[in-house]
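What follows is a set of structures for review.
The same subunit A turns up in both complexes below, where it pairs with subunit B and then with subunit C.
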Partner chain A sequence: MNIEITQQADISIVTVTGKLDALTAPEYERRLGRLIEEGAQRIVVDFGPLVYVSSAGLRALLNTTKPLQARGGRIVYANLQEPVREVFEMTALLTLFRVHDSLADALADV
Partner chain B sequence: MTLNNRAEDLGAALLKLEAFLERTDTSPKLGYAIQLVFEELVTNIIKYGYDDQDLHQIHADISLGPPTVLTIEDDGHPYDPTTQAEEVDTLAPQEERQIGGLGLHLVRAQTTSMRYARTARLNRLELVFAE
Partner chain C sequence: MTTVTLRLPANLEELPAAQDFLARQAELGGLDPRTSGRLALALEEVFVNVCHYAYPAGTPGEIELRATRDPGRFLLDVIDDGVEVDPQGIQEPDLDLPLERRAVGGLGWFMIRRLVSELHCRRERGRNRVSLVMDLPADASASAGG
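Now for the complex of A and B:
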């Protein structure tokens, strides 16, 4: 997994490449946790290059969404590819998270 | 494939499994399902299968089909996932217990059948995938 964070005005765009699994979920939580601690309030996570997510990865998303929302922040997920989207659908996470098909829509909603 | 009940061993096993599937003509969809089911079940065994701190071996075998069958054996507590109540397919972010049931929910969604046997102090789980 590779995580790249860029800024567009006050929005942090987090691009996640590769696999979000038991091996990489702790690193995802660390990077997002640090971003939130540093004061990020508006985050868009671009999952376009993400090819795999497991329950360990979903847990990492839940664990990073909570502290951000507690601080009044917003996080939006974008660009889920088909196999990843299917796992989100199986777990009804699509209804719990803000998810958009395109980065542009996510940026407009965050 | 054999791995120890340690988180770092799971990481190495996931990479090994991915490399193996890439060498075969397994479809991306089936490859995803196999990796997901393997990861979820082995994670559960490592987290909940043992009371002691000893090293235990977990064995996994894949027979590429059709039908493709994944067999996992461990010497942890007797645990039959086929008789566990189905968790609701939604989860609340604050409910850690529900998140715990998420892995098994994904396993059920990705397989067409699961068969469990407990023999000679081993859990043996056979999982069949749709092609």
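Now for the complex of A and C:
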């Protein structure tokens, strides 16, 4: 997994590449947790290059989304590929999270 | 019917080796990428459970993978010698809860049940055996030779 964070005005765009699994989820949680601790309030996570997510990955998403939203921040997920979308759908995260098909739509909603 | 076995230390670091083994066997078994991907995900969920819960902390354990190519189906057994696990006793997560009340754990077995065609969990001769079964479309099983 690779995580790239870029800043567009006050929006942090986090691009995640590869697999979000039991081995990589702790790193994702650490990076996002640090971003939120540093004061990020508007985050777009671009999952375009993400090919796989397991329950360990979902736990990392819940562990970062919940505290951000609890403090009034917004996080939007974009560009879910089919295997990732299927897992979101299966676990009802597709309706629980803000999810968009394109980065442009996600940026407009965050 | 062809069965191929791999034994690995019950250690999270071995997850890529387990999934590489499965990917190779699934390819030989004629699984399409989507079915193979779903089985790889189910394997991770079982593998991680064994690594976390089967053996006492600090005690080395082993995981055995058995991939069986049958006409019409592909079977992956995940076997360990650890403490008895009863997935039936694990409560399903409540997916209707709002985000702030949604539990962050408990999705593993829930996902496994939905990813595979059949799931069987047995205790046999002091070992846990989780069988993940994928049904194959008729054309895939016809083209997958032994």
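The rule is short, and it goes like this: the second predicted complex is superposed on the first by the 110 of 110 C-alpha atoms of A that agree within 3 Å, B and C clash if a C-alpha of one lies under 4 Å from a C-alpha of the other, contacts with A are read in each partner's own complex, and residues count from 1 in each chain.
As a convention for this text, a contact is a pair of C-beta atoms (placed from the backbone, for glycine too) under 8 Å apart; a residue touches a chain by one contact, two chains touch by 3 or more.
Here the structure is a predicted model, which is why all the values come from computation and not from measurement.
**Student:** Following the superposition defined at the top, how do subunit B and subunit C come out on subunit A, clash or fit?
**Tutor:** clash
**Student:** Is A:A56 in contact with subunit B, with subunit C, with both, or with neither (first, second, both, neither)?
**Tutor:** Touch status of A:A56: both partners.
**Student:** Now for A:A108: first (subunit B), second (subunit C), both, or neither, which partner does it touch?
**Tutor:** neither
**Student:** Look at A:A70 in the shared chain and tell me whether it touches subunit B only, subunit C only, both, or neither; answer first, second, both or neither.
**Tutor:** After superposition on chain A, A:A70 lies in contact with subunit C alone.
**Student:** Once the two structures are superposed, pull the subunit A residues common to the subunit B and subunit C interfaces.
**Tutor:** In the superposed arrangement, which is not itself an observed complex, subunit A uses residues 21-23, 52, 54-56, 58-59, 62, 65-66, 83, 87, 90-92, 96 for both subunit B and subunit C.
**Student:** Contact residues on subunit C for subunit A in the complex?
**Tutor:** 12-13, 15-16, 34, 37, 40-41, 44-45, 47-48, 93, 95-96, 98-100, 102, 104-105, 107-108, 110-111, 114-115
**Student:** Could you list, by residue number, the parts of subunit B that touch subunit A in their complex?
**Tutor:** 7, 10-11, 14-15, 18, 28-29, 32, 35-36, 39-40, 43, 89-91, 93-94, 99, 102-103, 105-106, 109
**Student:** Would you mind writing out the residues of subunit A in touch with subunit C in their complex?
**Tutor:** Interface residues on subunit A, with respect to subunit C: 21-23, 52, 54-56, 58-59, 62-63, 65-66, 69-70, 82-83, 87, 90-92, 96-97.
**Student:** Can you name the residues of subunit A that touch subunit B in the complex?
**Tutor:** Residues 19, 21-23, 52, 54-56, 58-59, 62, 65-66, 83, 87, 90-93, 95-96.
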